[in-house]
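Right after this note come the structures.
Heads up, the next two complexes both have chain A, just with different partners, chain B and then chain C.
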Partner chain A sequence: MWRAVKKYARLFREFIRTCIVEEMEYRAHFVSNVFMSMLLLALSVLTVQLYFYRAPSIGNWTFDQVMILLGVFQALQGCIDFYLQPNMNRLVQHIRKGTLDYILTKPVDSMFFCSFRHLVLWRLVDVAGGFALVGYGLWHGSIPVTVWQWFLFVLLFLTAVAILYALWMAMMMFSFWAVKVDNLSYLFQSLFETARVPMSVYRGIVLVVLMPMACLTTFPAAALVNKLHSQDVLIMLGLAVGMLVSARWLWNYALRHYTSASS
Partner chain B sequence: MIDVKDLTKHYKVHVRESGLRAALKSLVNRKFRDVRAVDGISFQIAEGEMVGFLGPNGAGKTTTMKLLTGLLHPTSGELRVGGFVPFKQSNEFKRNISLVMGQKSQLIWDLPASETFEVHRAIYEIDDRSFKKQRDGLVELLQLQAVIDKPVRQLSLGERMKCELAASLLHQPKLVFLDEPTIGLDVHMQEAVRQFIQAYNQEFKATILLTSHYMTDVSALCERVMVINRGHLLYDGKISELISRFAPNKRLTLQFAPGSAEMQADDGPWSTWGDVRVVRVEGLVVELEVSREAMSDVVQRVLSQLPIQDFTVEDPSLEDVIGQAFNVETSKREDDFHFNGHGADDGDDW
Partner chain C sequence: MRALHWLWKKYSILFTTEWAMMLAYRAESIIWMIGALVQPFVSMAIWLTISIQAGGSIGGYNQNDFIVYFLGVMVVERLTRAWNVWNLENDIREGTFTPKLLRPFNPVHWEINQNLVYKFFYAVLLAPTWVLVAWIFPETRIQVDLVSMGWFLIAILISSVLRFVICHLFGMMSFWTSRALSMYMVFEMLHFFLAGRIAPMSLFPAWLSEMNQWLPFYGSVGLPVDLISGRLMGHTDLIIQGILVLTAWTVALIGLSVWQWRAGLKQYGAIGG
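== the complex of A and B ==
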């Protein structure tokens, strides 16, 4: 067990190293992208500010609380762009071109390899920006946070990352059968966009549909602003475990039915 | 090393006719049919052997290769490779094999090949000493000194292929699968790659399985060949025997001296010589097919009776032999022709 952990830690370091070397090839790309994500963050803050000119709250959340939520959203978005988006699109490529064969004949867990081989490191700037926004919200609204709340926040944030991963993975696995599913990631992206606002905004059937997405941002933020119910934590944890297990199962199932592209 | 018994692999492929209407129809109502890509193949391969797979496109070569590497689950049959069941995909098994596909690259495109080597070192958990030794050995053998530190995108196809080979052999696999390793390379590079494969086989006693479109690859490297067509194993044995079995005749080409009368196919003097068949007549060049036994006799007559300027005696090319073998064998097998449609499927390689 310990050996396996060491092996995968070493492999992960190697992936990071190659990604840094690869990134060096395109420096201008790096600078323009960081600038771009800063701009987008500022824009989303502005949108919220505009809204609050006319209303005192969104779904019972004050301006500062929404800022925290937006920060969580931004950080999660950063995680998606850091490792989900780049790897999943490549998985589709691997399947279409048959280069998945190379990965499958290597003595590594293929799901691990396909999930972490490509990392877009500068996207961690978005994650940092998101957390900075959380910090700003807490400071601006002078919201007190206990150690226990911090703990819940970290726990729920990691759970959200896990759920996102499982969801995205499950979706991309359709490409084993449908082969070309690039568009699904746009669908996923627009669904995730709905998590910009607190869950309490949504009602009825819309709530049911968007519920999984909305709780990804609402619950971690709620932990900090004291709006969290204890059952929420259980829902999140249960959801994460269940979805990770199903994603793993689906991966193995897909591999058994993999037909490989012709050469 | 490899033990295969009654191996079969059936695919469901989706069929549709060409045209927009058919495309729309197939969106709603997909029709599938079974393709028996591999249909009851049995063979054994010993350690250290170099075996060539031959067969036309869509014959089942690649499918067999993918079954052996564990990429595909067999529909039925027994399959053991180095004591392992490939499709269980245990890491132990994968550490002992390597797959190289001439048409697909695994090198990191924007980086020098040496970076890919590093990734492979982590994947295969190669310790520093044996990594350095093996890498230097391969670089030497393939003469990659000037190449491994250039970004892969700047390499020629041949250089890239050599790097692919080096990257896949860093962990010293006991069993190497080469799927068309020389495709697209110029003659010089093909020869270099061939020599390397030969040297690698001798130095590391590795078992090597090879498919290729270039018959020269197979005839230069492998003593043993397997001919596969439509999922059936048609021949398994020595190349030399394959030739004498399916091509008992040699080719005799005659070049007549300028000024001599043009030859006619049926009334040439050879029509009375017995075991001789005319292949083609083109102006002053005549190609004859002569059985091996009759050859020396025929050559004597040619030299004494005909005004020739030059002549050559050749074995028919392996391509011709294989082609002939297929015609012979497939016509016998017409009854269990499994592609339910028409033969259009020969175009895609499984």
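== the complex of A and C ==
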């Protein structure tokens, strides 16, 4: 067990190293990418400011609390762009072109390899920007946070990352059966946009539909601003474990039905 | 006259070709459309929450008005949007632009027809949908006279041209830089913020909406939405001002794009192809 963990940690380090080498070819891009990502973050803050220009709170969330939520959204979005988006798009291509064969013959876990081989490192700037926004919200609103709340925040954030991973993985695995699924990721990204704002702005049937997206950002942020119910934590943890297990099972199931493209 | 006839013939052929290509990807087109409806929907949810908190109405908009406004944004956004920056950037970067240049007429005509095809498709889907929705939910009905409707169509037409030209300008930047798409993304974010896609103009701080009257943003989405939702009924001066500003920007940017096209072609050093 310990040896396996060490092996995969070493592999992961190796993935990061090759991605750094790749990225170093485009050094000038890095600077402009960082600049763009800061600019886009600033614009999304302005958007929230516009809403609060007319209202003291939105669905019982104050400006600073929404800033924290936006920070969580930004950080999660950064995670998606950091490892999910680049790997999942390649997975679809691997299946379509049959190059998945090469991965299956490697002596590593194919799901691990397909999930983490390509990392867009500069996207970590988005993650950092998101956390900076969380910090700003806490500081500006002088919101006191206990150690327990920090713990819950970190726990729920990681849970959200896990749920996103499982969701995305399940979505992309459709390509084992249907060829064109790139658009599903676009659809997912658009739906994820609904998580930019507190869950409490949605009502009725809409809330039910958007609930899975909205709780990904609302719950971690709620942990910091003391709006969290204890059942929320349990729901998130249960969801994450259930979905990770299903994703793993689905992967094995899909592989059994994989017939390669060329044969 | 002959030139016009020639153009008509070309365009009808291009249109049918692009139409067939779009239909081959109709499922994708519908997914793209649904995805694009999400953002206005989020804004709508936020403003509805705010107006309920404020006791029914805010900045002259009650809940009904917000629903109509953002339905308008959904439709106008789809009918005026342009996507050619992606194609142009890709073609110039990959060198697949070269064969297009060898054709006996400007590649932009293909882009124009592709754009028209999608808009036609979206119009055919969205207009009956709104009629159906309005029939079931009275909240979504619009009260608008024929004059506003006419102005609406004119505004949609000019705005379409404007947004297409802007996309073309950004796409052609690829002749000089590999960052054309990122630059366009920044413009898109600005447009998202200023064009009335997140809020009606009257809810912006006064100085911003004042300034915005002279920029190309308001006219491209906010103005058509205000026209179709009947906000500008009886304000002929405001309508004419809006249309004039929109037209001025369009003409100026078309001029710029012609110049950029000539300069860009000299710069273009076909990669691969």
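Criterion: the second predicted complex is superposed on the first by the 262 of 263 C-alpha atoms of A that agree within 3 Å, B and C clash if a C-alpha of one lies under 4 Å from a C-alpha of the other, contacts with A are read in each partner's own complex, and residues count from 1 in each chain.
The definition used in the following text is that contacts are C-beta pairs under 8 Å (C-beta built on N, C-alpha and C of every residue); 3 or more make two chains touch, one makes a residue touch a chain.
Here the structure is a predicted model, which means the values were calculated and not measured.
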Applying the document's definition of touch, where does A:14 land relative to chain B and chain C: first, second, both, or neither?
first
Answer with first, second, both or neither: which of chain B and chain C does A:93 touch in the superposed model?
neither
Should A:252 be classified as contacting the first partner (chain B), the second (chain C), both, or neither?
neither
For A:146, using the defined touch cut-off, is the partner it touches chain B, chain C, both, or neither? Pick first, second, both or neither.
neither
Scan A:196 for contacts with chain B and chain C and give back first, second, both or neither.
second
A:226 in the overlay: touching chain B, chain C, both, or neither? Say first, second, both or neither.
neither
Footprint overlap on chain A, where chain B in one structure and chain C in the other make contact
none
Parts of chain A lying in touch with chain C, wherever the complex brings them together
29, 32-33, 36, 39-40, 43, 46-47, 50-51, 53-55, 57-59, 180, 183-184, 186-187, 189-191, 193-194, 196-197, 200-202, 206
Seen from chain C, its contact residues with chain A in the complex are 27-28, 31-32, 34-36, 38-39, 41-42, 45-50, 53-54, 58-59, 178-179, 182, 185-186, 189-190, 192-193, 198-199, 203-205
Chain A residues touching chain B in their complex are 7, 10-11, 13-15, 17-18, 21-22, 25, 97-99, 101-102, 104-108, 255-256, 258-260, 262-263
Enumerate the contact residues on chain B facing chain A in the complex.
11, 62, 66, 69-73, 89, 91-92, 94-95, 97-99, 101-106, 108, 110-111, 115, 118-119, 122-125, 151, 179-180, 348-350
